[in-house]
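In what comes next, chain A is part of two complexes: it sits with chain B in the first one and with chain C in the second one.
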Partner chain A sequence: MADMTHTPPADIDLYRSRALKIGGVGLLACAIGFVVDRDHFFRSWLIAYLLFLAIALGSMGLMMIQHLSGGAWGVFRRIFEASSRTLPLLAVLFLPVVLGMHSLYPWTHPDHVAEDEILRHKAAYLNVGFFLVRALIYFAGWILITWTLTKWSRQQDEGDMSVNIRLQYLSGGGLVFYTFAATFAAIDWIMSINPHWYSTLFGFLFVGGHGLAALAFTIIVSTYLAQHEPMSGVLKPHHFQDLGKLSLAFVMLWAYFNFSQYLLVYAANLVEEVPYFIARTSHGWQYVALLLVVFHFAVPFFLLLSRDNKRNPYRLVWIAVALLVMRYIDLFMLVTPEFASTGENLHLLTGEHASSLFVHWTDLAAPLAIGGVWSWMFLTQLAQRPVMAVSDPYLREALESSGGH
Partner chain B sequence: MADVMAHTDSSPALHGLMAEFETPTALVSAAERARLAGYRHMDAYSPIPIEELNEALGLRRTRLPMLVLLGGIVGGMSGYALEYWSQTMAYPLNIGGRPFHSWPHFIPVTFETTVLGAALSAFVGMWALNKLPMPYHPVFNVPAFVRASRDRFFLCIETTDPRFDRHATAQFLQSLHPVGVTEVAQ
Partner chain C sequence: MSVVQEREYDYVEGAAAGAVRGVPPVIAPGHTFETVNDKISGVILTKRTPIGWFLGFAIAFAFLMLLNLTIGKLLMEGIGIWGNNVPVGWAFDIINFVWWIGIGHAGTLISAILLLFRQQWRTSINRFAEAMTLFAVACAAMFPLLHTGRPWLAAYWLFPYPNTMGLWPQFRSPLIWDVFAVSTYGTVSALFWFTGLVPDMATLRDRAQSKAGRIIFGMLSLGWRGSARHWQRYEMAYLLLAGISTPLVLSVHTIVSFDFAVSVLPGWHATIFPPYFVAGAIYSGFAMVLTLAVPLRKFYGLEDFITMRHIHNMTKVMLVTGMIVAYGYANEAFFAWYSANPYEGYMMLNRMTGPYAPFYWSLIAINAAMIQLFWFRKVRNNIPLLFVLSLLVNVGMWLERFIIIVTSLHRDFLPSSWDMYAPTRWDFAMFAGTIGLFLSLFFLFIRFLPALAMFEMRTIVPEAKLQPEHHG
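Take a look at the complex of A and B:
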């Protein structure tokens, strides 16, 4: 370890400006979408937003688990920190969702609620004021936790070991808050698009998606860092194997939660629950469902079983990219079948309606816009600190150990 | 028996020559140098797992993962087949008007038997590939070997190795700076 300062690689600025350019083009396209096809723009924005929120929140969760567990994966802590420090930007990027509430959520229409007995009963929870207050609480909590943890981590870098125990206490409580807040956020932001439908597993599915997105993203960033000083001498095949193993676990978790949800609905066969799956297994959506089963579960599952695939970052990184794409398609599948191809929420239309498979051009513009701006923010955060938490009490173990975990 | 007769003039038949080391690093580098010197029939003994040893000894990768995969596939298919046979052929029951072949209901059992098949093949396969149970092994003839489960690291080059020569191999092991080199009786 010749370079003890662990300054981030020099070409990070190049990627920052590229990300900002892509984000700018995407934002411009989104602005056009907002003007010409507002309903589609809001739907696309929500989906893309949820993908990058998943990376940030998942990184925050992994960061807290790392503080609690210690161990060899501390070498990734700075990636988790930089990624979760994008949360203030994500709070700002949430504003279009607030603006688009009337397009996205049927329960925001008073006349619609008045006609619907179930929605009248749900109005105590599903109303605009409480929705906004809840969103405020989620973001305030997440940002406060992230800012405090990363501040203490910075003090640890400077040799203040008194923060070690505080990092653990806050991480314990923070994980509880994060999981509860994310569960309610999943209900507010996705489930209430179809306000009659409910699933108790939905929050766990949402949080599990965060873990997988964050791990895939960490693999991509680590592969980049491993090619440059100072991390090229630090990141070893066994570090990538650890990320690969965790990704495999989250791929299985995703399949397990999704199948459990499907099996319970199939077994109960209740009129409130089955329309959700009928919508997603007919009118063309069944092909997307099949795509998810094959490429969100079966293929990555078998690829990640192989030890060689996990230890070779150049193979693992392609699995990670594919997993992020599948995360986007999974979120697309959660949201889009509840909308007509004209962009309106199906549950606002009178009479019987079914959604047929469709993709709109804003579904490409929104991920570019949010992805570009978000990546710029992430790289800015990553460049501000040493890329390795040099005073992590477990770091020596992380650098030496090569097995036994 | 002819082999034994050849050695009766000096000592009993040999299993191999064993060198004792104080650190895992010394053991790994010794194994590496022995492999580079052309030795293949050798084994290392350590109180802790050392991942680098596999490569240093030039061991081929274990076939156990493939066995576990096969066990899992066989287990899963048998579980599904059992459900299919019992629910559609042997004793079909109409449950809430669902088809007899309601595959989502079969998945939990399929999953469980997959795990069972994989776990059983891992357990049995591990014993079989390690040739366990093995009530006798010559390395225990070396008195110092008791420390192999505590704080010492051993490398044993076996007589079955084509390059094994009682004197040359002993000299070679001495050149690795061990704590000591011992002959291991058969």
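Take a look at the complex of A and C:
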């Protein structure tokens, strides 16, 4: 190891201020969107929000798995930690979703619920009060887990090895909480946009998306860190190969979940399930679906099979960027076909309506706003700690193993 | 700065091996290439077979004869000797099929996925876990085949002859996909298992005292001389087979889950079925590996090779996959309500309070509540307790399939056709018979073939780690 201080790269402040500027411009655009096209703004905000939440939560999940499994990926732990420590900011950024509940979620309209038997049945779960309480529980749990784990991780840096076993116990329990909370969050925030539709696999799809987004993001940050001291002496091709392999696994998992869900719903052709896919395979949305099949699965699948592509960070990073873009489009596809191009939720309109393919300018503004502010927060967190967890019990293994045998 | 350096020094000393965390080694200290060979080949090349082996084999063989009797009766009289009735057209046949196929999955996971992940602890358990997979697939295949009543005619439904009649084989049915999935699975598993055995066959050939032993093991070792070229090709073949087997871990039980999930039956049609079935398969498979490993290491004195590390890791895999299964139960229950579909709601109510409710709650008690014990290191260290728990997991996973299949069928959409299902003595005889087949094959395997991969075990003894420039 070249530098024992493990201070983050010097130019991190430059990127921080750039991120903040981009975020500022994006927020301004969003403010305009809020004034002139409120329904579109809320929808776009939700989608962009889910992307960055996925990176943070996925990082939290990977951090906990790393504590439990050990192994060579301890060198990425600080990236996972910095990314999951953005959760308080994400809790604040959730407020526009709360403000926009009325335009996002049909079940918040009492008159609509009153005339819909299914929504009356679901009202015990889908009601504004309980929705807010649940969101509070999810965020409180996630933030508490992250803060405790990262605090202990810092103590481990300082030589307190008694935290090792506690890190494992909390990670075990934390993963259980995370999975259940994320499942219900997926129901609350995405599934209930179309309040009649349901799919039992949806929680897994949501969590799998977190893993992929977090891995892609970790590849991007690692490529940046690998260009500078001290990580340039630490991160070796085999570390990138490991991230590439895990990304490949998550790409396949994404395809597996989506294919299973699609096949089962298509084959059964039930009136309560199949409209979801009819909406996404007609009126122009079928092209987005095809785009996802090709660029969220087929192309990254073949690119990531190559050992050379995985071991070369300058190639891998472009695959990772593309995967993050595809994650955004996938989330876009989960949400947007439930809305009319005027921005209203289709399920609030009376009569037969179908959504036709559309993109609104707020769909560009919201990711810029949230992405900018979020990246600023991430880099701030990354700069606060040594960029490597120097006392990770598996560090020696991580630095030595060639990955080739 | 200096603090960091000091601590790194500590870690070079102790923690990389996991000493700080109290992780036991994958092989007990003190072993060399020679002791590994002696210990494992000694079980096979000895003239004296332990009396316990004869006793165990005799019991297993008796059940195998019961299987033959049942099959004879079945072919003479037809599947009317089973308890299947009109609403419950699928019962023990498919319950046991899914149960056995699921058990096989641990072998494939251990041999393929853990190999690709470079998990050293797979080494001492992969061989017998793979054998277990093969035997489990053999038991599983028997049920759907015999459910056809006249298996010699089954080719008519199953084999992909030109589909001019447009009826059979029905390629849109997952049942036909099952035929391909399971036969691929059986073939690849057998190839993988045999390829792994070749270098060990050569060791046995070289060490065999009897002429018959030399000839038989000599043929099975395919002329293996252990040259660098042999090893290079062997490694290549083994990795390729591992790559081919990996998707099978997911695909086989995914297709088994499709058997149910493509239907429109409440309790069967759920999009979560594929991953939930796969997790359940691995969970039950690891339980069976543990069930077999505990007596195996005890009676053959293999505690040095199948160490507490293996037991801990297997328990942890069971905990993770068991939690996914428990998540599946919670998920099903929640969505039965959330869907606002009266049929889904009734299905769940029927499971929880209907005539089969004791089975439902038993499976929840085992697969959701009892597995929480695996969180505790004390439990993971208690081998007799783990043995009992692993048997219970096997029971729990059997009950899960019973509940899924029987409760959804016995009260379907038309209340006038509701009925109860009860297995007959022939159902039980056939199930017990396949257990007899499985155990008989397993007894023969541990007597005549190396239950642990000798040459792979040799790579994990300290001797193998010596390198020219190794620092002191």
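We take it that the second predicted complex is superposed on the first by the 402 of 405 C-alpha atoms of A that agree within 3 Å, B and C clash if a C-alpha of one lies under 4 Å from a C-alpha of the other, contacts with A are read in each partner's own complex, and residues count from 1 in each chain.
Note that in this section contacts are C-beta pairs under 8 Å (C-beta built on N, C-alpha and C of every residue); 3 or more make two chains touch, one makes a residue touch a chain.
Bear in mind that the values here come from a model prediction, so they are computed numbers and not experimental data.
Participant: Superposed on chain A, are chain B and chain C clashing or fitting side by side?
Facilitator: When both complexes are placed onto chain A, chain B and chain C end up clashing with one another.
Participant: Which of the two partners, first being chain B and second being chain C, lies in contact with A:Leu263: first, second, both, or neither?
Facilitator: After superposition on chain A, A:Leu263 lies in contact with both partners, chain B and chain C.
Participant: Touching A:Thr183, do we find chain B (first), chain C (second), both, or neither?
Facilitator: Touch partner of A:Thr183: chain C, not chain B.
Participant: After superposing on the shared chain, does chain C or chain B touch more chain A residues?
Facilitator: Of chain B and chain C, C contacts more residues of chain A.
Participant: State whether A:Ile118 touches chain B only (first), chain C only (second), both chains, or neither.
Facilitator: In the superposition, A:Ile118 contacts chain C only.
Participant: Of the partners chain B and chain C, which touch A:Tyr314 in the superposed model: first, second, both, neither?
Facilitator: In the superposed model, A:Tyr314 contacts neither chain B nor chain C.
Participant: So, A:Tyr287: does it touch chain B (first), chain C (second), both, or neither?
Facilitator: After superposition on chain A, A:Tyr287 lies in contact with neither partner.
Participant: After superposing on chain A, which stretch of chain B overlaps chain C: 4-12, 58-66, 130-138 or 166-174?
Facilitator: 130-138
Participant: Could you pull out which residues of chain A sit against chain B in one structure and against chain C in the other?
Facilitator: 263, 267
Participant: With touch defined as at the start, can you tell me which chain C residues reach chain A in the complex?
Facilitator: Those residues of chain C that touch chain A are 1, 3-5, 7-8, 11-12, 15-16, 18, 20-21, 118, 250, 254, 258, 261-264, 269-275, 323, 327, 330-332, 335, 338-341, 375.
Participant: In the complex formed with chain B, which residues of chain A make contact?
Facilitator: Residues 238, 259, 262-263, 266-267, 269, 305, 307, 402-404.
Participant: In the complex formed with chain A, which residues of chain B make contact?
Facilitator: Within the complex, chain B contacts chain A at residues 48-52, 65, 69, 96, 98, 102, 104-105, 107-108.
Participant: In the complex, go through chain A and note every residue touching chain C.
Facilitator: Its residues touching chain C are 4-6, 70, 117-118, 121-122, 125, 158-159, 161, 164-165, 172, 176, 179-180, 183, 187, 196, 198-204, 256-257, 260-261, 263-265, 267-268, 270, 272, 390-391, 393-397, 405.
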